[in-house]
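Before anything else, here is the set of structures, which you'll find just below.
The following pair of complexes shares a single chain, chain A, combined with chain B in the former and chain C in the latter.
After this line comes the complex of A and B, so read on.
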C-alpha cells in the first residue's frame, strides 16, 4: 500500500510536465534537480553529520565529465556515464581519505579548497573544458533510436529523483544508516560499538558525491550547456542552507528546504532583486538560533 | 639571483598575509574549537574599511589603519554576541555555531555587495608601491610578536591557553569563558581585517576576495599546526613560497597555483596531521 502510494506520487510528478508550458517546465525540472541534490547532501550532512562544500562541485564534475567523454572523446553514452561515476568516486576517495583521518572539520576545509579549484580548472582548462564559455550546442544522443527532449526529459529527472530517494531511504533504514547516525551523534560511542568511524565517513562522502555526479550528468542535458558560473561556490553554500532551513536529518526536511530556497528568489526578486542571498543568510542564522530542527521540526510541533 | 630575491620578497609578503589569516583562525579555534569560515569575509570587510576610511575620507594612513582595526574588533565582538554566544549558552553541539557563522559569512558578503558597486575598489598603499611589501612584513612581525608575548607572558594569554587545554577546568579555576570567547573573536576579526587591509592595495577591495584568502589561511594553519602561534606564520610562509615557485617555474597556467593549497592540505593531513609545530606540553 505504501509502495503504491509512492508510485502514485511519482507518476503524478512525471505526468505534471506534460501540462506545463516550456518556461514552467524548466523551473519545475530544475527544482526537481535541487531536491535530488538536497536529499543526497542531507544524507552526508544531516544523517552522518559531515560538513562538505563539494556536493555542488561533484554535480559539476558529473556534468562536465559526461559532456567531455561523449563529445570530445566520442565514447558511447553508457560508457561515458560509467566512466563519469568512476571519476567522481576516485576524486571523492582522494579527498575523503586524508580529510577524515582526524577529528574536526577537515573535510569541510578540504572540500572548500576542492570546490574552489574545480572552478579554476574549468576556467583554465582550454579546449577540454571550453574555458570561461564552457561547452554548449550539444544534444543528448538518441537512446534506442529515441531522442528524449522537452517534457519527456523531465520524466528522466523524476526517475532520477525516485531512484536517489529509494537508495537513500533503504540505506537510512539499514545498519549502515544507523551507523551513520551514531557517527554523527557520538563518534566515540560509535567506535566503541564496533563502527569504523573514518571508513563510514569515507563511504558516505563517496556515495553522496557519486549521487551528486549522476544528478549532474542528468543536468548536463537540461540546458544543453555547461559553464563555470553555473557551478560557483554560492551554490555549494545554498545546498547546505536548504538542508538546514528545511530540517537536517530528514528526507522531508531536505525536500522542503530545497523547494523553499529554490522558489524564494522568484518571489523575492521584485523586493530585493538579485540579493536574495542576504535573505538566505538571515534565514539560516534564524533557523540555527531559534529552530535547529528546521521547518520540519516546526511542522512536528504544530501537528502534535 | 635578482629574480629569486624579488620572488622571495613577494612570497614573504604574501606569506605574512596568509599567516595573519591563519592567526585569526587560530585565535578562535584554540579556546573554542570553532572553525570560523567567515574569516575570509572579515578580511574583505577590512579591505572595504580601508577603502572607506583611506580612499573615500582620506584619513592619514596610520589613523585609517587604527580605525579599520577598531571597526574589526567591534565586528568580531558583535559576531560572537549574535551567532556564537546564544548557541554556546544553550549547550548546542559545536557544529551549530560553525553553521551560524557560515550564515554570517553570506550576510557579510551580501551586505557589502548591496552597499558598494560590484567593481573593485582601490585602497592606497601605506607609503609607496615598492615599500608596501616591507610594510606588510613589518606589521605582521609586530602582530605576531604581540601575539607571542600575549600568550607567553600575560595572565590573559595563560587563561586562553587554559581554556584551550580544558574548558571545564578553566571555568572552575574562575576564568570567565564567555569573556575569553568574545576576546578570541574580536582578536580574530582584528587579525583578519588587518590582512585584508594590507593585501587590498595590490588586489583592490572586492566583495568576492574572501574565499581564496580563507582557503589559503586555513591551509597555512594546517601546515603549521594549531598548537602554536608561530606555526601560523611558518605555514603561511611555506605556502606562499610553494605558490610563487609553482607560478614562476612550473609549466602550467598561473591560475592552477590555486591548486597548491589543496595539494598541501592533502599531503599534510596524510603525513603530518598535527602540523609542523607541536603544541607545548602536549
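After this line comes the complex of A and C, so read on.
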C-alpha cells in the first residue's frame, strides 16, 4: 500500500511536465535536480555527519565528464555514463580515504580545496573543458533511435530522483543507515559496536558523490551547456543550507529545504532583488539557533 | 574448559610510567571476573588495551585462541567482545531500540538491497526488544535517549553490548553513579548475563558491589597483579588490604 502511494506520487511528478510551459518546465527540472542533490547531501551530512563541500563539484564533475567523453572523446552514451561514474568514484575515494584517516575538519578543508581546484581546472582546461566559456551547443544523442527532449526529458529527471531516493531510503532503513547515524552521533561507541568508522565514512562519501555525479550527467542535458560559473562555491553552500533549513538527517527535510530555498529567490526577487542571500543567511541562522531539527522538526512538533 | 580470554605478560608504558607491568590473567566462559585496584592501578588502561583502544608495548592477548592484541576496536567487537562505557555513550539521534540495534551491527549478514535484508531486520528488531525488556527498559523502547536517567542510560549500554551476541562482555565501572536500588538491579542483570554462558569482565571500584558478585577477583596495584582468587580469599590477603581495601572492607 505504501509502495502504491509512492508510485502514485512519482507518476504525478512525471505527468506534471506535460502540463507545463517550457519556462515552468525548466524551473521544475532544476527543482527536481536540487531535491536529488539535497537528498544525497543529507545522507552524507545529515545522516553520516560528514561536513563536505564537494557535493556540488561532483555534480559538475559528472556533467563535464559525460559531455567531454561524449563530444570530445566521441564515446557512445552508455560507455560515457559508466566512465563518468568511474571518474566520480575514483575522485571520491582519492579524497575520502586520506581525509577520513585524519580527524575533524580535514574532510571539510580537503573538499573545499577540491571544489576550488575543480573550477580552476575548468577555467584552465583549454580545448578539453572549453575554458571559461565551457562547452555548449551539444544535444543528447538518441537512445535506441529516440531523441528524448522536452517534457519526456523531465520524466528522466523524475526517474533519477526516484532512483536516488529509493537507494538512500533503503540504505537508511537498514543496519547500514543505523551505522551511519552511530558514526555521526558517537564514533568511539560506534567502533565499540563493531562499526568500521573510516570504512563507513568512505563508502558514504563515495556513494553520495557518485550520486551527485549521476545527477550532474542528467543536468548536462537540461541547459545543454556546461561552464565554470554554474559549478561555483555558492551552490556548494546552498546545498548545505537547504539541508539545515529543511532538517538534517531526514529525507523529507532535505526535500523541503531544497524546494524552499530553490523557489524562494523567485518570490523574493521582486522584493529584494539579488539580496535573497541575506534572507537565506537569516534562515540558516534561525534554523541553527532556534530550530536545529529544521522545518520537518517544526512540522513534527505541531502535528503531534 | 579453557579460557575465552587470555592475557599474558601484558605491558604498557606511557613515557616513563609503566601503567601495566607484565600482567597475566584469564577469563572463562560464564564467570564474572572482577578487576580491582586503587585509582591509577591501571584498570582502565587494561580495559582499553583489551577493547582495542590502545596498543601495548609487550605481551599477548588471545580471544578464543586467536591473538587479538593490536586489532582496532571494531575488529575486537566483530570477534565477540563487547563493552560498555563508564560514561554512558548513547547514540543521541536515535530512540532506545535503535541504539540497541546498533549493538547488533556485526550480526547482520545480508546487504541492504537483498530480499532477505528485511526479514533479518525484523528478526534482529525482535531480539533487540527482548534485550531491552531483559534490562528493564521495555516501556522506554521508543523513548528518545536524551530522556533517560543516568541509571537507565547504563542499562541501555548493557542491552546494546548484549545485542552483539558477545562471548565476552567488558564492563567499565558499571556501578559508578548508580543508586542502591539500581545497583541491585545491575547485579541481577550481570548474574543473568553470566548464567547465559557469557564471560564477564568487570572493572570496578565499588567493593560492596563487586565482591558479592564476582566469581573471581584479580587485584592490581601499579599495573601488576598483587592477588588473585575468590572474593573471600582476596579479602583476607594482607597485601590487598594494604594496597586498596583499607579498613572498611576488612571489617
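What we mean here is this: the second predicted complex is superposed on the first by the 304 of 304 C-alpha atoms of A that agree within 3 Å, B and C clash if a C-alpha of one lies under 4 Å from a C-alpha of the other, contacts with A are read in each partner's own complex, and residues count from 1 in each chain.
Heads up, the rule we're going with is that a contact is a pair of C-beta atoms (placed from the backbone, for glycine too) under 8 Å apart; a residue touches a chain by one contact, two chains touch by 3 or more.
Note that the structure is predicted; figures quoted are calculated from it, not measured.
Engineer: Just checking: does A:87 make contact with chain B only, chain C only, both, or neither of them? Give me first, second, both or neither.
Structural biologist: After superposition on chain A, A:87 lies in contact with neither partner.
Engineer: Under the stated touch criterion, which partner chain does A:277 make contact with: chain B (first), chain C (second), both, or neither?
Structural biologist: After superposition on chain A, A:277 lies in contact with chain B alone.
Engineer: Would you sort A:116 into first (chain B), second (chain C), both or neither based on which partner it touches?
Structural biologist: first
Engineer: Between chain B (first) and chain C (second), which, if any, makes contact with A:285: first, second, both or neither?
Structural biologist: In the superposed model, A:285 contacts chain B only, not chain C.
Engineer: Tell me the contact category for A:13 with respect to chain B and chain C: first, second, both or neither.
Structural biologist: neither
Engineer: Using the touch criterion from the header, give the chain among chain B and chain C with more contacted residues in chain A.
Structural biologist: B
Engineer: So, A:51: does it touch chain B (first), chain C (second), both, or neither?
Structural biologist: first
Engineer: Intersection of chain A residues contacting chain B with those contacting chain C?
Structural biologist: Common interface on chain A, chain B vs chain C: nothing in common.
Engineer: Looking at the complex, which residues from chain A come into contact with chain C?
Structural biologist: Interface residues on the chain A side: 170-171, 173-179, 181-182, 184-186, 188-197, 249.
Engineer: Give the list of chain A residues in touch with chain B in this complex.
Structural biologist: Chain A residues touching chain B: 49, 51, 94-95, 97-99, 101-102, 104-106, 108-110, 112-114, 116-117, 120-121, 123-124, 233, 237, 240-241, 244, 275, 277-278, 280-285, 288-289, 292.
Engineer: Considering only the defined contacts, which chain C positions touch chain A in the complex?
Structural biologist: Residues of chain C touching chain A: 51, 53, 72-74, 77-78, 82-83, 85, 89-94, 98, 101-106, 108, 112-113, 117, 121, 124, 160, 164.
Engineer: Considering only the defined contacts, which chain B positions touch chain A in the complex?
Structural biologist: Within the complex, chain B contacts chain A at residues 35, 37, 82-83, 86-87, 92, 95-96, 98-100, 102-107, 109-111, 113-114, 211-212, 214-215, 218-219, 222, 253, 255-256, 258-259, 261-262, 265-266, 269-270, 273.
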